[in-house]
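Chain lettering (A, B, C, D and E) follows the sequence in which the chains are written, and residue indices restart at 1 in each chain.
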Amino acid sequence: MSALTGRFGPGLAGLFLVLVGFWLAGLVLAPNLMMIDFALRPNLLPADVGGPLDTYSLDNLAYLAGEPVHREIFLKTVWASALVTIATFVVCYPLAFWLAQTASPSAASLVVLALVIPFWINEVLRTLAWYILLAFRGPLNAFLMNLGILDEPMRWYGDGGVLAGMVYAYILFMLFPIYNSIESLEKAQIEAARDLGAATWRIHLRIVIPHAKAGIATGCVFTFMLAAGSYVAPALLGAPGSRWFTQIIYNWFFEGGDWNRGAAYALVLLVLCLAVVLITLRVFRVSLTDVAK
Amino acid sequence: MSHSVALERVTMAFGETRAVDDVSFTVEPGEFFSILGPSGCGKTTILRMVAGFLAPSAGRVLIGERDMAGLGPNQRPTAMIFQSLALFPLMPVWENIAFGLEARGVSKEKRRRRAEELLDLIALSGYGERKISELSGGQKQRVAIARALAVEPQVLLLDEPLSALDLKLRQHMRAELRTIQKRTGVTFLYITHDQSEALAMSDRVAVMSAGVLQQVAAPRTLYDEPATPFVATFVGETNAVPGRVVAIENGEAALDTAHGRFTARAGAGLAAGAEATLYVRPEALTLARQGATAGEGAGPNVLAARAERLDFEGAFGLLHGATADGARLLAALPSTTLGGAPAPGAEIAFSFSTRDAIALPGHAQARPEEEP
Amino acid sequence: MSHSVALERVTMAFGETRAVDDVSFTVEPGEFFSILGPSGCGKTTILRMVAGFLAPSAGRVLIGERDMAGLGPNQRPTAMIFQSLALFPLMPVWENIAFGLEARGVSKEKRRRRAEELLDLIALSGYGERKISELSGGQKQRVAIARALAVEPQVLLLDEPLSALDLKLRQHMRAELRTIQKRTGVTFLYITHDQSEALAMSDRVAVMSAGVLQQVAAPRTLYDEPATPFVATFVGETNAVPGRVVAIENGEAALDTAHGRFTARAGAGLAAGAEATLYVRPEALTLARQGATAGEGAGPNVLAARAERLDFEGAFGLLHGATADGARLLAALPSTTLGGAPAPGAEIAFSFSTRDAIALPGHAQARPEEEP
Amino acid sequence: MTSAVALPPSPAMPARTPLASRAAAAIPKILFWIYVLAFFVYLFAPLVVMSAAAFNTSRFPTVTPWLGTTTDWFAQMVDDAAMWRALWTSAIVALGVVAIAVPVGTAAALVLTSLHARAKSVLYALMVSPLLTPGVVIGIATLVLWRQIGVGGGLLLIVLAQASFISAYVMLMVAARLQRFDRTLEEAALGLGASKLMVFRRVLLPFLKPALLAAALLATLQSIENYNTTLFVRGFETPLTVYIATKVRTGLTPAVNALALVMIAITIAGALAWEIARRLEARRSAASSS
Amino acid sequence: QTPTVNIFAWAGYVTDEMLAKFQADTGITPVFTPYGTNDELLNQMRASNGAGFDVIWPTVDRVPNYVEFGLVQPIDENKVEWDRVIASAVSGSENMGAVVGGNRYQVPSDWGTEALSFDRDQAPLEYGSASYGDIWKPEMEGKATVRGHSGLVGIGLWLEGEGRLPRPMREAFASEEAMTEVYDVILAEAIARKGNIIQFWSNENEAQGAFRVNGAAIGQTWDSTAAGLAREGLPIGYIAPKEGALAWMEGLSIPSQAANVDEAYAFINWMLTPEAGAMYSNATSINSTAVGADALLSDEAKAFFAAAYPGDALDKLWWWPIQESWFVAKRNEYQDRFLSA
């Protein structure tokens, strides 16, 4: 703190602290604490709130634990989000590498330009585009049938559709951190490895990926988190068999009307996300401060 | 195998720029061969063509008599040491050294053993497990050399490997590089823009300017018998006195200049009556008696000047002077003789012997522009 | 005002480290005063205490006789030039120069006028509207000086301002800095770890080692009469021969060493019978006739050795040799005398005069560790 | 030099002719360009289909079957007063978010840089946590908190909920730029007699300006694009994403596609303008420095 | 400042034509926001504490939920033109949820059904034999669409008809134990036959999408769904099953924190005019409760109505019982298991 006042003087330093305090206490901590409080109480009519029925318990969490279908969806959301993350990584890595190391500046800026276009229209519209494309009587089926690849239309909605739509939605969140970290890799490192006789795969495995680890971890953490928390894509592109945990949460709020239970479910999702993030970082030996650089 | 590396009329054009223009030279096996020239003259481009990172626009690169066209860097019997060293920071020292063997599928155990041998060679035994970041600048340098030697190249290519080091360490590493080269017998193709480096280390030096090869010769020859004005001014400090040739005789030329007539060794292409410039090194100037004027005095060549400033630099003092028409002169005087050095403003005269000066055709190019 | 800057028993401790340890010196008005020492010896720490960025743990800093305790950097009659220059990249040149005036509330018109004057001084008139990024290295340097001069400081503090420049430009800027200092008459407190820089520019030099002041003297004195072994080895190249004092007479000492008896000037603190080291500069060694041995020959001091390597460096050649017990020797021989230089392996002998050698108490410290 | 290890030849040290090895070297390149092609088909096919559907007379947005070409959907979009209201709402929200997130994120980055390692990593973790929190959770948590004190969903809550995580983006962007800030500039200014306020105003703030502008732009985009969080805190307000999502649920027509096409067109135009400006600037400064 | 009324209503219920007419008739500017499901409406109102809108359009059997949460205000009976409403709708709504604790909270405006939509070519149905069970026939694998929770009710009625329910379906709405008993049976059947479902719907748009782009051939949908598809020329028919079509009544209510209460009443009264009622019915194929609206119906709407409810279909309507909060919560749990299975 003294460093802060020393650098900016008491007036500015005070202003900064007030702003940060307002943000962290008012907008980050308080809502989450209140949500925890909410998650630990029963769903009551307004008349009963504060009454004898209004007691703290783990019932809402226990309900999730005891409901096999929800448990299953929860687990499925976890691994499916991991799958989305891996797929997004596979799709993005080669392009990120090319952009960062090989592309001429003008080609790179053109590609970056092309990349951002889908991302200036919002996530709902992006997903809607996939919804239209993948429809049973939609253009993708028509195209494949025209080519003779399919005899009758395929059902794309479901796990495949959700995967395609989510990977699409999160490309930039994966691409840019990886791009940034690969860009900081000195070209001579790659040339040195090649000069020493290394094949392309070995250069990536031994030189590029270890160097870009923090960027890759950042991309993966963001993608995982966004995938696990996504509502639009599974809602639009899912099928009866591919529900997402967020849909369950949404249902508690906007269909079942049990906000407390919804909050409890949201809490579980939050804990899950943070746990996955922290474990991933630990496993890959990346510190949180390296993330999101 | 009669030569190690040969360039045959090699040209490299990047769009309009000819970074390397019709260059030919050969490097003998086991030679320490340097390419010297100012920034942007095409040195790195040559090295990258030899290494296989670039394909020449015209001409051939041969290594051990074999045409290298179409072979990638991982298919050539060369190893490169980059200016930045390009050590792999995330691998311990020994894995760095053994990386080329790893790429060739050598077993871990053998790699480990070979790395130890090379660590021995570079006097870093016991450093195998260190991180690269835990090494000093000179140690890194040596690891880079070991890494390159591990793949047993016929030719080691070095792109200004010392330029990132500070002066003391740079001087130390010169000796070290030289020693390793002699010990291993590998051909070194060495790039630098630092003339004292090239002169101190090399068997032979190729001097380049703007993509064009100026001279290939042993260091002493470059210094004493520059073939072109560029070499004369680029290699070492020199004083240039423009004039006109009046006579050439027995390999000695007489020049008429604004400061009188001087004699010097005649360089190649000198013709009587043509414009020429006389070059004389600062250390070849000695202080003639004060107040002497041209023509007077003991030696044949005496140049009158006014003393301006004496910079004491330790081993020697640099005496800055100016001639009557304002041209600057520089004389290097051993510190032990500085006792009676002239005060600023004093009229002085420098003398030099004919054999210490050389005359080359044309008027001297200006040195790379000093600040406005 | 009898002095410009004075340090009185100043100590600066960072936790356990005493970065500056009980240092006192005074700087005269208008003096070009340098602080020289290896990296980490506390130079920057001293400068920052004078500038007001750090408060000493003990002792006083006075500027113009006035104790500076409790005054911030913006309240002291100093201006600092940083190693990185720290020009404001987003302001045009003239706003950079006038920034200190802006801070003092001077009107824009007056600022503009003053900036033009200073641009004149640094020979950059017409450059006022340029961006900083559009300047060359030497131009930036001069803008930094003008910016510091604009606030009319009593003392200009310079922290290795030339170290980021390349060799040629560095040498050019030395002269320029010196000229500006003489023209403005401002006291310069200059920091460098480059001894040739300190020797070439300064009126006086303070040599530091590990936070402790070693010697304050004029350049020539430092070189010829080092007060401590550290100064003898750090300033300039030198050869050290350890031995024991047998006699001191008329300011001359006789030492018995492994290579025979030598005479040298006696440094301060030398006592008969005590361990001492003889220091002699490479340029003070001359090649005695080949095959000569100690005691023999013309001069009183002759040192037998074996030639190892001759590094040709342009103006002079560095002859590396080794004594019988393996200690290395270095002699700098003018290039013009290199004709008959000894071949590697030849038995040779160096001679030196008593007045060119100095004996100091104790056995020489090793030079800042060469690479293991 | 003698070696203890007999070296096998480097992987491809063959006696191949130069021509053959050139051809072999081309294969990875071809594979790479196929990948690039596939990538961009993947990137643009949905957009192309979506845009095309805006011209199909079919009431449901699709391109198969093509029932006829029309521009009616654009007219419908222009006439859609609710959509324009939603756009306006989004704009107000974005403005509010920028007004909070940019100062807050900047202050956070500055506070972070003045802390010691340990406190720094704790605070940093807290600051990035909103980015690691699913959007729905942020929305829910905000709603739950404020309803407790009698404030229902609406503009205020949308702004606060969005600002809670968008501030973190701003913080990251400003911190990244701050890392490249040379602190000696501050010392230089102080040494020349400037006050701390003047140092901030004349040296640090101008340095941060590009990052602040970029952060404001990103904050605007993030705000306009946000759905998951907004959905819970919107109360009776309808920003554009919610409007579109509502349309998707309650009566999707190609008017939405028309809107998407307009947004894509604006994006492309904006991006091109940006790129052209960038190149002109680059050329200008290249010209002036040589 | 011009008077305004903020209307939060089912998507498609208020057309541009109606908005223009209302403004012309009353001088009040209407602002219309659509929603897709009853639950969306309820929870949106909960999230905003009952503020933001002046008129909402809940289904009558859900009105008690709004009252519990304090989201709607009692109707001031003096401000409503009761003679414009079909009397049987007013009295019938009393026991269906419109009146709670002696206060009326809703003015009935329309009624409709949820029954069988079918593709005339792929899955033709006839009145009398058509049953909720047709959706679950093996031939319909991968071709059916239902709404999660009402699909379960449909199965319940089908099983009840076949005597396979432990208690009558209607009792499931009365107590938790009864519900559990009945719904466990229903859910087991539903999950076993889930393979028939190609897509679940929860709102009008999704229901139409199931047929339009997703290849559904049969489904349990609202009347408005089939009507909308047929109006576009798709070969979709709508028919009441032999177990009885699920019938609901809806009406207009005023949120507790409505800002423009007078304008809200003006809108309610306007909706009850014959012209407005007819415009509404023509657009949705849902029946208006405005007196005289039927006389102004389009031929198309009349034809749809006749085809949907042949014979005794109107007598066999199965009216939704009141759905209390506990029921809604529990039903949601069953729906969730069904959707997620």
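The working rule: contacts are C-beta pairs under 8 Å (C-beta built on N, C-alpha and C of every residue); 3 or more make two chains touch, one makes a residue touch a chain.
For reference, the UniProt names are A = Spermidine/putrescine ABC transporter permease; B, C = Spermidine/putrescine ABC transporter ATP-binding protein; D = ABC transmembrane type-1 domain-containing protein.
The model shown is predicted, which means the values in this text are computed figures rather than measured ones.
Each step here moves to a touching chain, and the least such steps from subunit A to subunit C number 2.
Comparing per-chain C-alpha centres with the mean over every protein C-alpha atom, the closest match is chain D. Put simply, the chain farthest from subunit C by mean CA position is E. Chain centres here are C-alpha means, and the one lying farthest from subunit B is E.
Mean C-alpha positions place subunit B and subunit E at a centre distance of 91 Å. Chain centres here are Cα means. That of subunit A falls 14 Å from that of subunit D.
The distance from the centre of subunit A to the centre of subunit E, with each centre set as the mean of the Cα atoms, comes to 37 Å. Of all residues in subunit D, those that touch two or more other chains are 10-11, 62, 195, 232, 248, 252. Touching of two or more other chains is recorded for residues 44, 202, 212-213 of subunit E. For subunit A, the set of residues that touch two or more other chains comprises 135, 137-138, 197, 199, 253, 259. Interface of subunit E with subunit D (complex): residues 6, 8, 11-12, 31-36, 44, 47-49, 51-53, 202-206, 208-209, 212-213, 232. Contacts from subunit D toward subunit C in the complex involve residues 182, 184-185, 187-195, 198, 202-203, 206-207, 285, 288-289. Residues of subunit B touching subunit C in their complex: 123-124, 136, 138-139, 142, 167-169, 172, 174-176, 195-196, 199-200, 219-220, 223, 235-237, 281-284, 309, 311-316, 332, 334-336, 356, 368, 370-372. The part of subunit A that touches subunit E in the complex is made up of residues 43, 45-47, 67, 69-70, 72-73, 135-138, 153, 155, 157, 239-240, 243, 248, 251-259. Residue ranges of subunit A in contact with subunit B, taken from their complex: 186, 188-189, 191-199, 202, 206-207, 210-211.
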